[in-house]
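Lettered A, B, C and D in written order, each chain numbered from 1.
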């Protein structure tokens, strides 16, 4: 049983990786298991300068899901390169850097800075963060803008670029095709759906930012649907995510058309989740009659 | 404590009603409690002619939710008027008829037929059904089309028209404003989000229709967010729905800006849910310091 | 139909991944149940599982306020059910659907054909038929020897043939093979099992009047959501399995 | 930190909607816990609740492999917790956060100020301080008489003032009223409770060194998600409460 997957820039020993923003830069979860076990790591979003993010509360639980409005708190791309990446290089682990920004220039500048590091295997271009006032989400909802930022980032990147799509759109296929044509090497989907919870006691939105991104098992059917549709319409690979908590979920994403699967929210419930999914995957694939991960990709079509 | 709410065409003794498609035409649930207790009833979608709907399987469970692709099975508007409505008229219960169609003409024809009945208090214009091949959902995702169908239906309706919005859009506010300008008397939101589940054993989408509409608690944060945003942008009332299972959920919808609240999926889990919510509402509103339902509407802003 | 809370009296594994659960319920309720009817079970509180699961009634003992269901762990819901313990409460809609119309039928010999988890409702049916003085022959198919349950219970009620797909017990093959080989006389047949089996039976016993019990994924379980439909004979309209069925005359539906 | 399954040894209601839960855990684990640390609790299996709940350690008895938490039923998660029964397993991340740094401090008299559900961590703290030979004075605020718990436990450890917001027991008012009226000497103060209380204390005891324990809604509980931040003094960066706290020097954070 081969769990390996070859993707642009990424030679994955298995298709499981933590999703951006849910695993910081790996240090905390390395208390629980050896990160070398992971297929890859998608690190927390980087912006050009340090960002403090939104006011608190920043998270709220919802049924089979959660809302977050962290607001891209991060130490800035240079600090990430200098202070966070070195820790990760001790592991046998492709690093996927998540690039965020408020302007196209910021996306370019972050990517340029990352191009100065030898330790980044790929870029995840986050044009879909719903939790910042300017930028972020517009880039992910308008095909022309999405294509433009993809083109500009591709021009300065020295590694493959996976564009992370927003599910908050009428037509996900249109956006996917636009960024494919603009040169994206792959897609990553889905980011969170914009949601809200109201605090009945205070009679106002619970999150300081009012709205937040909905993640977790609640959104899995939407993720599967979008990946299924996009898989039929593009020829670049997809890293799938959205609500994975079990090995059957992983296989469902593969069948829908994902070539690899990221796990976000479930890390909070079970810090060992990625490690456990990796342990279980081979047997479960065999149970469904597959000889390898690659064989399962897209087999739900 | 007053639970009453006055809306165009609807004098509701309380703000709770079953959502369209989850309560058929009331007969089955009348085994469990007296339907006169309800604020209103939103009956199953009517099309011009009888429809058999999609192949089975038509439903699938998901985490804190479900997918459905019934495909508008219904006996046709005339049969509904002649065979289903008479049963409901024995109850003290405003009837909201859900109008569906594949073409603008079909929407008009169904509405015209309903205008021939004296027993319909309002129309819920379903421009958001994701489960039929033609029509349905496009009308709900393009503001100009949404406005056009609203205008045409308003022209032939003799009762107020509530337009049911699709959440599968980039900008729900834009659609809401378009139908408001086209003459909608109110809004009903949200319909289901398009999702998919893949059957791992058969390695294909579980639903015969491939995609289905996601409903239940999973989608509540999205419903609350959309109602909150639309409430700020329009001045017509909103009937809210999406994942209600508890009396606190009802109040959360009121705070977000809904004037009344419909309950769909939760009826399947607990056939008494609408009745129980009605019983609990007054005490719970008092607990949060409200003297009436009307006082709570929009108070989360 | 009503909503009722049953108390789990006993739960035991009776075959591979197969559980028998005895539920305590008021005898007034238990007495009403007809063979072929089902209960619509809420597998857990909370919202993780929004849909109930339909499970057939396998037996009733009104004198002891008991109702028995037998289920196979198939997915998450049935796995949850298998974790119930005595004294736990189970939320049911009961009784659901229409049973086998044996009261309206004149018959002296009944053939019961069951496959896998379609066997349980036939047990209660067999008991009721025998009580009416009807001769019962049962042909029961299972995947392997490990899946077999209730063999003795059926043998006490009439001639019983067991067939396994892999031949690990009894004859090897399908229930239809038994029907081919044995010369079983009957006035009516009654069948419950996977759809391919029902189709084969419907075909093979086309000259006999019979009743089949169908399965489909359900939403409401009471006829309100149109999830569980099956076309009528001329495909001009749909029956709802939960409300019009799950038992249908074999000649009135298209599988 | 590690993930561990604790066995519920005992659970009892000790005040209005307030429960004490004694958990069995390996003594090697229990021994490590410092006062002020918390456990991050998975309240149920399944997916309905994706986030763990942080609950402070109220007591440990390594000799008996026991760890005690005290919690108030606030929402759904704590309601689920309250339904646990002896022998049930509870999934914890343990130990979480940093405790009160009492090993590094030289002190002979400590003032403990607790409000409501902020009282539990101060109990274990008081025990440890007394064991170190420190004199402890506790000022504990509750909403009403019905909410009071652990009064005697504190009285055994030092002078204890109880204040209720409605005056139904002890002095009427807030903990800050007690601090105003009584002349309590101390080298350090330690406080845990609702943010408005902590703010008032931070202000009123500005001339004393002190430590406060903060609350914020948490995601991961281990420092990986940036949910639970609090600005540092010059607001130039954020601490994470779950990882850098929950205990902070009163002078280093802005409430």
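Assume a contact is a pair of C-beta atoms (placed from the backbone, for glycine too) under 8 Å apart; a residue touches a chain by one contact, two chains touch by 3 or more.
Just so we're on the same page, UniProt names per chain: A, B = Dihydroorotate dehydrogenase; C, D = Dihydroorotate dehydrogenase B (NAD(+)), electron transfer subunit.
This structure is a prediction, so every number in the text was calculated from the model and none was measured.
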item: Touching both chain A and chain C (chains); value: B, D
item: Neighbouring chains shared between chain B and chain C, ordered by label; value: A, D
item: Chain located farthest away, centre of chain B as origin (C-alpha); value: D
item: Between A-D and B-D, the pair with more C-beta contacts; value: A-D
item: CA centroid of chain B to CA centroid of chain D, Å; value: 46
item: Distance from the mean Cα position of chain D to that of chain C, given in whole angstrom; value: 55
item: Distance from chain D to chain A - Cα centre to Cα centre, in angstrom; value: 36
item: Intercentroid distance (Cα basis), chain B paired with chain A, Å; value: 34
item: For chain B, residues that touch 2 or more chains besides their own; value: 63-65, 217
item: Chain C residues counted as touching two or more neighbouring chains; value: 47-48
item: Graph class of chain-chain contacts, one of line, ring, star, complete, other; value: complete
item: Chain B contact footprint on chain C (complex, rising order); value: 1-3, 42, 47-52, 77, 93, 216-231, 237-238, 243
item: Residue ranges of chain A in contact with chain B within the complex; value: 62-65, 67, 141, 168-170, 193-198, 200-201, 203-205, 210-211, 214, 217-222, 224-225, 228, 243, 248, 251-252, 255-256, 288, 299-301
item: In the complex with chain B, residue positions of chain D that touch it; value: 47-48
item: Chain C-touching residues of chain A, taken from the complex the two chains share; value: 63-64
item: Interfacial residue positions of chain B with respect to chain C in the complex; value: 21-24, 27-29, 31-32, 44, 50, 52-53, 56-61, 63-66, 68, 70, 73, 216-217, 245, 265-272
